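Next, two complexes with chain A in common: one pairs it with chain B, the other with chain C.
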Partner chain A sequence: MTVKKKDSFREPLTDTGLLMTITICIFVGMYLLAMLLLKGGFLHAQQIFDMLNDNASLIIVSCGLTIVMIGGGIDISVGAVTSLVVMSCVLYLNNGGNIFVSLLLALGIGLAFGLVHGLLISYLEIQPFIVTLAGMFFARGMTTILSVNPQKLDHAGVNAIRDTKIEIPWLGYTARNGNLVPARIELGVCVALLCVIVIFVLLKYLKLGRNFYAMGGNQTSALMLGINVKRTRFCSYLISGLLSGISGYVFMLHTGAGNATNAAGMEMNAIASSIIGGTLLTGGVGNVIGTFFGCMTLTTIKKIVVSSGLNDPWWQSITTGGMLCFFILLQSVVLGRRAKSKKA
Partner chain B sequence: MKLKKFNGLGQLTIPVIAIALLVIFNLIRDPGFFSIGIMHNNDGNVVLAGNLISIINGASELAVLAMGMTLVTAACGGQDISVGAAAAIAGSVFVKVLKSGNSISGGTVLLAFLLACIVAMIFGSFNGTLVAVFKIQPMIATLILYTCGRSIAYWINGGATPTVNSPIINAIGSFIPGVPIPTPVLIVVCMAIIFKLLFKFTSLELFTQSVGINGSAARLNGINATFIKLLSFIILGVCVAVAGSIGVSRLGLINHETLLIDIEMDTILAVAIGGNSLGGGKFKISGSIIGAYVIQMLTITLYAMKVSSTDVKAYKAIVIILLVVIGSPVVKKWFNKVIDRMKNKSVAAQKGV
Partner chain C sequence: MPNDELLKMRHIEKRFPGVLALHNVDFTLRKGEIHALMGENGAGKSTLIKVLTGVYQMEDGEITLEDKAVVIHSPQDAANKGISTVYQEITLCPNLTVAENMYIGREDSVWIKHKDYEKKANEILNKLGIPARGTQMLGSCSLAVQQMVAIARAVDMKCKVLILDEPTSSLDDKEVNMLFDLMRDLKAQGVGIIFVTHFLEQVYEVSDRITVLRNGELVGEYLCEELPQVELVAKMMGKELDELSDFEKSESSKVNEKEVFYEAKDLSSSEALAFDFQIRKGEVNGFTGLLGSGRSESVRAIFGADKVTGGHIKVNGKDVKITKPVEAMKNGIGYLAEDRKRDGIIAELSVRENIILALQVMNGFFKPISRSEAESFADEYIKVLNIKTASRETPVGSLSGGNQQKVILARWLLTHPDYLILDEPTRGIDVGTKLEIQKLVLKLASEGVSVTFISSEVEEMLRTCSRLIVMRDRHIVGELTGSQLNQAEVMKTIAGGEG
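On to the complex of A and B.
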């Protein structure tokens, strides 16, 4: 007890903060280890930018999922909605569409899915897993109804946007032939980082964001505090849907093609990222910054597996599974310890 | 009065309504849809054939998995999303043992099945330990095996997709000579009877329900909640091995990438359509089995309507949403209110007379 009193002037880390700190430490440690042992690409700044370029849409989707999970729900339709947005935007643009309208189309599809999910889950009180599962089936089915064959994006304006990359010369490296290769960042990454910052502010400083935590922590007490639980839950699914729409547009800008198998398994990757980042599926605990680092950790594991020469496809998923197991057990043990020491 | 009796079905209302609607819809669309014919198959056996048989036969794996999943859902208040991957592992072990000897006899098949069972139970207890001992949400805990399960299956058979040719395997996958009913259906019936006996002669049902409703209260009453949760996952492991073996026998080969793919979502759906709460607590295995047949009937109906296999998902989603909206507590309450009002009106009218 005396020790506790001594420390009481320092605000102790919350569960959210603790889990996030662990993730960031592990990410940094893993990356440093990779730099020391594997060298190669890990010594260039471009490696990090590549990881960001490839995963911009995953980061955006994970942010939405983090909000839903903090509110105590789940949304497994995000990957399928992303795929549907990509396909419909590509088809629209190929038939002579307008760039601005295509952006509205992407946001509209995302919002529509979020709206229906939110209505069914919060106002009709149907289990979120089933509703979003149906949403996932619907979006995947609609994607194949739109087109079974892969569609290549063929639109001058969008292709120009796609090829626009931010170049940072001083972070580049000298290639073997002596040319300076500047570090390249795609526009999608800026969108993703913007999403992370906006949602961080939303969760930390706005009333709505704090309501998410209250609702996920204990729904009954949130209700007693006068929070409109139904509307808050509705908002969480709406935001998640909107972010799936944005992620679809970013995905399209990255790959430049619509395909029925786009973003397959993205929902599980997004859930894994959120968990590694310290979000609990039970709700009330989580942070988007952690989710961001969760995404990066997941990607780093994959990169490390590939660059250590384990090229068999099954190594990647086995190591990912192993890491997931490690993180989940770590969280369980850490949180269990804390709960016990609090009681004592 | 009739309406009240209708509500008396309780938990089974939704699945029974769903099946009735599908049957009526199919009868209007094509009166001969459910006709059962007698055919001779390639081996010269007399067998039953028709849409109804293919529905009941096709849903076998789903029904077996739904039984196990109901127990896990009831005890832990969460779902196992790794059943597809675990079935791929069990199927791979099954084939590995079958291929290890020179010839396949009845004993080899039994041994292979037992080994597949043991392996599936080990993976089940891995999931179960994470859930019961480390108190991790079931969906998160099983995400691990979901991620890497099919890779482990790949590794068991060295990446190959070996085929198995044997009359015994054929008999398990399709028909036993002399029996006109498909064998997978018989296996489902056996599993259902085993579950029924298990519930009749042990307190498993009561214990599972009490753990699901309130784990700490159950513990204070002397029920070992950790063990019950672990047990539910181990029983699901057995179901997974059975489903995996049926799946392998049906095709005569193991393909770790496609065996029972995406079945985890369908299984959870079957449990939910069966009227079981996904949050744990009270459960009815029969509801889940009916749920599995609803899903299969829906799929076959859509196929019969010439919907392509890739597009089926979109239509399925609409039907699922309609079903759960009808079954949602808010709509039910509203429905009951309307019925009450109608009753009051009729009573008032009678009094007025």
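On to the complex of A and C.
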């Protein structure tokens, strides 16, 4: 009566895997198309590195948001917290602060927000949207209290770190004057990629990571399976907070200035990136590799819009909106078809 | 043989505000037996199970597991002590793999060893003959297999007592047999299984012993072969079954003289293939067929619950358009959905609010029903349908399944429909309430209401319907009336051997 199955049977792609594959294909296709039609910067490797340099902090907060969304929650405070971290660190460093302490300050602010959000959402069971909305207003307010005017970073040590760039000569290109311009990568990009890898491992190979999926898939079941749902949820917000802190520091290293409007709308871009990368708002499905490519797709779209001569800022918003709509439609069609074919 | 006794529950008492849910109940489970726990709604089955699994704490009594007195604090604690439960609703995560579902929540390290778990899972699945792979997503398995994975998880946790709470209610016959094979396997390995179900035939198919509860008290423990089915029902209900013969079905000859109330030609929807259908005033007819034969989809098309894609509909001889539920309701059609949790009740709202819901929709939201009117409606139907609820303001979610069903029935009756569609109204509810609902259907018909009745229990359909429409593979394959209405004929038609 036993049904023998070979262990080497290849499983069909999971929902997460399928959505991620679609995103990667679209990203690659879009980029190739841009190389063919728009040429210019797209032909240089530096274009990709620029995209990474500009979006390192977005990638970091998107990773945190992906975790929260897999667990079935939402965190819209990440942009504001990033901004608060930038401003706090700039002011502290400009007043003769220590680099190491400034890093602790960044992580501390992020963790503090994550801690409070996690406590309120998991243990007092308040809606995550409301809690993180409050957190967002609070962080934005604090940033403005710290300084209404933009503050330029003026700290020799940190400026040195900021200007440290990894140069890859063989990926560079020859400028018109005949000089070789090597490809340049900022340190923040390394941090961002490290975050992606760490979160990927966490989600795939750690107990905590699988608990996020279980919780997002079916909360009651997760509870019955013996998972401490409250603690798991708490951890997801804590990690998201911590990543917002890291993101703030990376943001500061990239822009070198604190500004009350820093990272405005970053939370929405992060949500969009996660969704484009195949994370479902309903929870239980998602992957940070997808999120990374979600960020890149979003950025590529913006670059293409700018390169096509549509320089006004609203064009970027409009295309981002259209893009998001397109992906959500695509996801629902693909998943809907899957569900149907499964039934039949 | 006392050392054969695996689990002993003695003098269990459980009190809820105002109700004595369990009074002096004893229950004994032996090694390697399948023990059915039977009783009507409110008999205390669920409460006893919940006391045993630590969801509730008992007020008095003692539980002995393998000759050791135990106190069970929580479901988790119960599982660790070797008492596992598989619920009616699957409590696993569809977005994880089968292997992960078997091991999540009880990993021995912070790292997940996917390969290890998959290997171990496959071994157990193979041993138990469960057709699933460890690497497969749980959501891609059928409900039956998902349930079996839950059992496999319990087996791997070295459970000594396995509680199966209504495991068969959403499975078809083939899947039920698979499950029973698995249960017999486990029994042979010495696991004690507590089997809670409403299907009497299934009890006799696999169980060794039956414990009957009624109104929170123990009626008795019997060996299966010593208790004929009729007596079991009598013990559960506490009354003899002569009521069954009281049934007076509206004869088809009488009904045939009445005028046609509803007629559909080539009606089709996104889920149902085109079909013709008609029903006369005061007629009770039914759709029958195996699970997935399209019976629910067909009645959903009549009510406009799915996207209607074509067809001509006449109500009372006049052409009408019914593509949305609200249009069906305006034409006097009511529909009681199959899945009452999903399509029917709003658990957080009170009995009163649930009852007046459909009437409110019919009236339009600008003509609110006054509070006193609503209260009197609710009281009336609570009385008429004998709904067991603490008060009309009790949230519906806290009522038992049978009583929830009655609340939905009351909702539709309040709109005074001319035609009522009941899709599996008796699923998951006890024999007594089933009979009450069947009687109510016949009473409605005698008052001139047309009723379409769907049930997976053919016997029940034969008792109530004067015409049976048989479906197979989404097609209507036969219509049975009069003397053709017997089990053998129905089975023959479903199986495809019509003469």
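Keep in mind that, in the parts below, the second predicted complex is superposed on the first by the 336 of 344 C-alpha atoms of A that agree within 3 Å, B and C clash if a C-alpha of one lies under 4 Å from a C-alpha of the other, contacts with A are read in each partner's own complex, and residues count from 1 in each chain.
Simple rule for what comes next: a contact is a pair of C-beta atoms (placed from the backbone, for glycine too) under 8 Å apart; a residue touches a chain by one contact, two chains touch by 3 or more.
Here the structure is a predicted model, which is why all the values come from computation and not from measurement.
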item	value
Greater chain A contact set [chain C / chain B]	B
Touched partner set for A:Gly216, first chain B, second chain C, both or neither	second
Which of chain B and chain C A:Gln127 touches, first, second, both or neither	first
Touched partner set for A:Gly135, first chain B, second chain C, both or neither	first
Touched partner set for A:Leu329, first chain B, second chain C, both or neither	first
Partner chain(s) touched by A:Asp15 [first = chain B, second = chain C, both, neither]	second
Overlapping contact positions on chain A, where the chain C interface meets the chain B interface	none
Chain A-touching residues of chain B, taken from the complex the two chains share	79, 130, 134-137, 139-141, 143-148, 150-152, 154-155, 265, 268-269, 272, 278-279, 308, 310-318, 320-321, 324-325, 328-331
Contacting residues of chain A [partner chain B, same complex]	74, 120, 123-127, 129-131, 133-138, 140-142, 144-145, 148, 260, 268, 271-272, 275, 280-282, 313-315, 317-318, 320-322, 324-325, 328-329, 332-333, 336
Contacting residues of chain A [partner chain C, same complex]	1-5, 7, 9, 11-12, 14-15, 204-211, 213-214, 216-218, 220-222, 224-227, 284-285, 342
Touching residues (chain side chain C, partner chain A) in the complex	75-76, 79, 87, 90-96, 100-101, 104-107, 109-112, 114, 118-119, 122, 126-127, 129-131, 133, 135-137, 140, 181
